[in-house]
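One chain, subunit A, links the two complexes that follow: it is found with subunit B in the first and with subunit C in the second.
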Partner chain A sequence: MLDPVIQTKRLTRYFGQNGVVRDLDLRVPPGQVTALLGLNGAGKTTTIRIIMGLLRPTRGRCEVFGQDSGQLSPDARMRIGYMVEGHFLYPGMRVRDCAKFQRAGYSRWDDAQFDQIVAHFGIAQSTYVAHLSRGQRAGVSLALVLAPDPELLVLDDPALGLDPVSRRALNETLVEFAAGGQRTVLLSSHLLDDVERIADRVMVMIDGRLQVDTTLDDFRSRVSGYVVDSESVDTDRVAAIPGLVEARQLGSRLHLTVADADEETLAAVERLNASSVETIELPFTDSVLAWLSRSREQQSFISRTKTGETA
Partner chain B sequence: MRIQVTTGSSIPIYRQVVDQIRHAVASGKLAVGEPLLSVRALATELVLNPNTIAKAYSALVRDGVLESQQGRGYFVAARREIYTRREKQRRLEEVMDPFLAEALTLGFDAEQIMTEVQKRLEKLSPSTD
Partner chain C sequence: MTTIFRKELRDIIRWVPLGLIVIGVLCYQQRSMHVLNALQHWFCFAEQIVIGSSLFALALGLLQSLFDLRTDSRAFLLHRPISARDIFWGKIAAGFVAHSIAWGVPLLATAIYLESMGPERLPVAWSDVVMPAIFCLVSFLFHPAGMWMACREARWVGTKCLPLAVPLIACISVGVLSGGLAPMLVLAFFAGLIIAISWLIVAAARHAFTRQTFLPSPANVESWSWPNALGLGIASTMVVLVATGFLVALMLPQNSSMPTTARRLAASSTGQLWELEESWKSPRMRQDEPIHRTGRPVTGDESSVALVELDEMWREQPLLSLPDLLRPMSFGREFVYRSSTASTDNGGSLHLIERDNQLYVYGDYSGWVGTVTPQGVFAPNEIPRGAFSNLTTLDRYRGASHNHTSIGGQRLLADDNGIYQLDFDTRKLRKLSDTPTAWMAITLPSNDQPETSLWAYGNETVSRFSVRPLTEGETLPLIDSELIKATHQYPLAKVEITPTGTWPLNWIGKDDESRLTVVSTDEGGAVIVANNPDGTWTYRIGTSDGALGKAITQPRIGTLVVRDGNDFFVLPPGVSAGFSIVAPIVSQRAAQTVSGLGWKWVLVTLHSLIGAAGVFLLIRSRVDSAGARTAWLVIAVLLGIYALLAVIAIYPRSVTEQCTACSRRRRVDLDRCEHCGADWEIPDGSGIELIGLRDVSLADISQTSTH
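Moving on to the complex of A and B:
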């Protein structure tokens, strides 16, 4: 197996008493697009900031290109493109000034690449940043990050607040960037549809811990769904199903989402004595949602939300 | 042909691509020997991870729908007998059983089912030219 581009070992970060990232062991393999998913506050941005060497871990290690991320050489930094959350640019600059300003920090800079991405987002080079829309700011940020032709691209929620057209332009640019299979992308996102389109791998963080780190296909195949007629079902028995991720009441039926289902899982589902049990294939988005909802309901492991009562 | 992909579906994206190309070949929309877009070009067009397209193409090559020519890309393959007759029969039954079960549950009788199948077949069969 190829050396990972990013690797953490028991990475932990506290802010005061608050463990935001806890015992994280993650590997980002080269040449792939990895999506980091999690609810707000799950620790995604903190993890990314440690990877970029902007925060020191409280404990544990984080390596990028095999170097300690806190002490990356300028040469290694040059190989990383990093886009912070919020697409920050100086409002008083014109788009072309942003490029001039940024390129001063790099030994490699591809003007054609910058111009092409900016054009792809439909932006004129003479526009002041203050007059750009959110989506256009994202486009300029992306162009600035890609012009030095990085090997590793780290994007913190790049699609946040983008209109559909800019989102599409962002996805197109990312697909194009990753197409050769030589370059690595790590991005955090809440947009599961986009992740399904462009990612090879998915990581799910819940309360600072890594719960899932695998390929999209594997993730799909490891999550299975059952629909059981629930009038007769005993809640304790539901809670006892091995690998249960989520149980949701929809009308008179109970939808169960289970990770790594095996014979014991099936046996446990059958022990519910429901009048009917149906196996369903879950969309990727539903599988992720099931994982994320679970973390929202720490007190009651099983949600018995009735249809229509959910917000 | 135009491939359309839906996210959030219970059918994985690569299988949607496989199904649509298979359908286009079966219905004659894609003729034998016709070239397909390169993995990269189709990935760009559909805004999909290129590995997803590569996976779809290699599944189609494995099933004998496409062939890959070194350095030239992917083409619609001449129909070959890659399965034994028994295997073909098994595969047909595999897709037929759920179809029949659904049709019968919906209350169609045998004759109606035959008529519907006939209609679909006529629609599918490539225009003879």
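Moving on to the complex of A and C:
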């Protein structure tokens, strides 16, 4: 039994009157790649900023390596690699200046690794950051966070704006980084395909609350999909299906995504009086999308039913 | 920190040329062309430079803060194995270096320029830039103040900018120090104030940079900082005081029922001292405005003499105060202006300027024309021998109604070794007496009294000399002649002086602020007046037979302007109350003002109550602790409305939500409802949560409250 690297207790953060993160209980286990998923505005970046001690919670607690994240010591920060959303770097610096600037204070710094990653992205060390493409900036950012050989890697949307080749390079790097099971990665992303490839664990945030927090395998096994013929379906009974995450109309068929389906769930599906009921295996991306689309009510079948748009 | 310093310096060094240009242009604009201009140079120079360097420091502070307030930039900067405090100091150090270059280079160039010019062309030296340099150094406080302003949380731009008022106090304090006029205790106070303000600003800026920008609420204990609160409190009070003062000044002309009253001391044509009380309606006395004037002769027992109506003739009676010309403004300066004379052999003016205890003589545009020492007058190409010891000059006549007549011609000088007369046209200095002299005054002949007397004070003794023209048969012109009245210039001829009396006078001269002035009387004697450091006046009547009257100390009169007690109401109630307690001790007049307020005390009390009520409403939702609330109520009673802005600035409004237990608005940053103590309810689940088995130990996070 290992202590979590990151854990929060009823973490809440307001911006003005808006509660962006609410009562978040989150635990990131060591030695795993954990993906934090959610729509824009779900609270992922705010959560990461609180974890990194760059933002204080309105209430609740957050600990990293057992320390209050708001009081992280320089030694604790040395153990954490943090890639900022948007791959921020100082535009007036050359790539080698970035390394020189970043290495200050670190007891470990692997020049060879930095050079290797930078070279992998095809970047000359004498290039000014202002002249780099977004993908190249991501490469330099990745090199900067990996060179100190951190125990914990926190990446805020690292693949943002990357081309497919760069994305693949990033994914491979992360897999390699976490391969020994000694290092922990927490990344937020919108790219579900990439997450499926590299993550051991998935968390889904909706409107500042954690809706999913489990291993990738557990998530796959606990999400079920059904396709029913919608022409004869009693739509009033759809919302009554236990564990219904999403009901989505595709042509004349209704696609249902259900969490933790059991016999009661199946009975409820039967009660829809559909002419046909088919059990399908949901891809990971569709399963996650089912959760994410719940926070956008105008896209939800249930909501449209409530407002009478399709009734 | 070194890495941060280098990075910050590299970022802002590109802005230094801009600062160099601005401050360089100001230096160029203020270059001296004339001898009198050169003497005032350092002050105008410092005044201009401090504005330029303050603005540049503020710009640097903002440049080093605003870009780093972007979340990505801030995250990139702060997440490194260096404490936020070290990052802050790195920024400050870089800003200091950049700022120092921006003002240091122009000032260095100016110092070289001044040294290359002086003293042959103008009375200037490199040391003239010392005081401007101190001003510039202190103006750097606008840099951390800018960071403080940028980083602190404030919803309104007005309260956001409040920190900028704090370094102004430090700059004003440097201005007071640069005059060098106040007693040492006051100077020490202002020096201490500059140090305290500097610490306050830097500590508040550090707190704002390391804490405030990412704190959610004022209730968090980490958001509290004494320097921040103290600085904002001082700034708020200052801003409201200035704003209220402006409002009162704007409103007064429209209200003719509020006359302005001033009290002053004047001498009658016979030399009798009178205390005048003058009232007029406009805030500033207009030339043609009728003035209600009453007065009474100064006897030392003012309660026994009633105020009488005085006629318009008294308007011309000059105010009896000692001009600052007597006080050398020499702090940090090599050259000290002594006097000028209009009578020279080349038709221009000569300016006598003291440097290293020698008197340098400059023509208007002819540069340095000679040096005067007790050994004689030396040409610029000669090496002057000898030096004065505590030189003083006699440059003005301080008679009753001819207060501002300059004495030209053969100038009288004095020092610890005697009294001299300078004839620069013939390049000669004659010693008239061996009497050690610290200050001099003269009574000149008039239609009322023919005698000319020179009064000298030194070694706690006043000496009177009879003054006669050196040339046989020549007479000294009358001070009330039409020519002298028109020109305000008295051409003093070559004279000889004969001692006619001495008086021990140990009640003045104890402090640098005490000065001697002499007013002639119709009896040929003089009223000897000393301006005491505490603002009171002491005078004695000295007569021609050597007698000296009883020393009478007059309560503080000064030029206190009282607008029917309305200024008093504008002050914070605590200050008014304190003043009313202290006033009877320091000044009988001030005590009368206080006692004459009558029903206006109701206004003062009302002001206090309004302030307390306003603060009470504000702190209800902003301040947690009962102790802090009580303290703020006490402050509000003392400061009145001045406390309101301070509360708003220090405690931003809290975010609230309706409590599900008691239905009242509760603060979101507190773990428990401040009204009913209820905890936050755990939100209802959506029924589709997929929370896997925790494969780590569920170590309980400390339940310790953040509050």
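Throughout what follows, the second predicted complex is superposed on the first by the 298 of 311 C-alpha atoms of A that agree within 3 Å, B and C clash if a C-alpha of one lies under 4 Å from a C-alpha of the other, contacts with A are read in each partner's own complex, and residues count from 1 in each chain.
Basically, contacts are C-beta pairs under 8 Å (C-beta built on N, C-alpha and C of every residue); 3 or more make two chains touch, one makes a residue touch a chain.
Values in this document were obtained by computation on a predicted structure and should not be read as measured data.
Student: Which partner chains sit in contact with A:D163 here, subunit B, subunit C, both or neither? Use first/second/both/neither.
Tutor: The answer is neither, since A:D163 touches no partner chain.
Student: Of the two partner chains, subunit B (first) and subunit C (second), which one does A:D234 touch, if any: first, second, both, or neither?
Tutor: In the superposition, A:D234 touches no partner, neither subunit B nor subunit C.
Student: Please tell me which partner, subunit B or subunit C, touches more residues of subunit A.
Tutor: C
Student: I'd like to know which partner A:L192 touches here: subunit B for first, subunit C for second, both or neither.
Tutor: So A:L192 only meets subunit B here.
Student: In the superposed arrangement, which partner chain does A:Q102 touch: subunit B (first), subunit C (second), both, or neither?
Tutor: second
Student: Contacts for A:Y90 in the overlay, against subunit B (first) and subunit C (second): which applies, first, second, both or neither?
Tutor: Only subunit C is touched by A:Y90; subunit B is not.
Student: Using the touch definition from the top, list the residues of subunit C that touch subunit A in their complex.
Tutor: 2-4, 7, 10-11, 71-76, 78-83, 214-217, 220, 222, 655, 668-671, 680, 682-683, 686-699, 701-704, 706
Student: Which of the residues in subunit B come into contact with subunit A in the complex?
Tutor: For this pair, the touching residues of subunit B are 5, 7-13, 40, 43-44, 47-51.
Student: Which of the residues in subunit A end up touching subunit C in this complex?
Tutor: Where subunit A meets subunit C, its residues are 1-4, 7-10, 12-14, 16-17, 19, 22-23, 27, 29-30, 45, 49, 52-59, 61, 63, 70, 74-75, 77-78, 80, 82, 84-86, 88-90, 92, 100-102, 104-106, 209-215, 218-219, 222-223, 242-245, 259-260, 291, 294.
Student: Which bits of subunit A are touching subunit B when the two form their complex?
Tutor: Residues 32-33, 168, 171-172, 175-176, 178-179, 181, 192-194, 196-200, 217, 220, 280-286 of subunit A touch subunit B in their complex.
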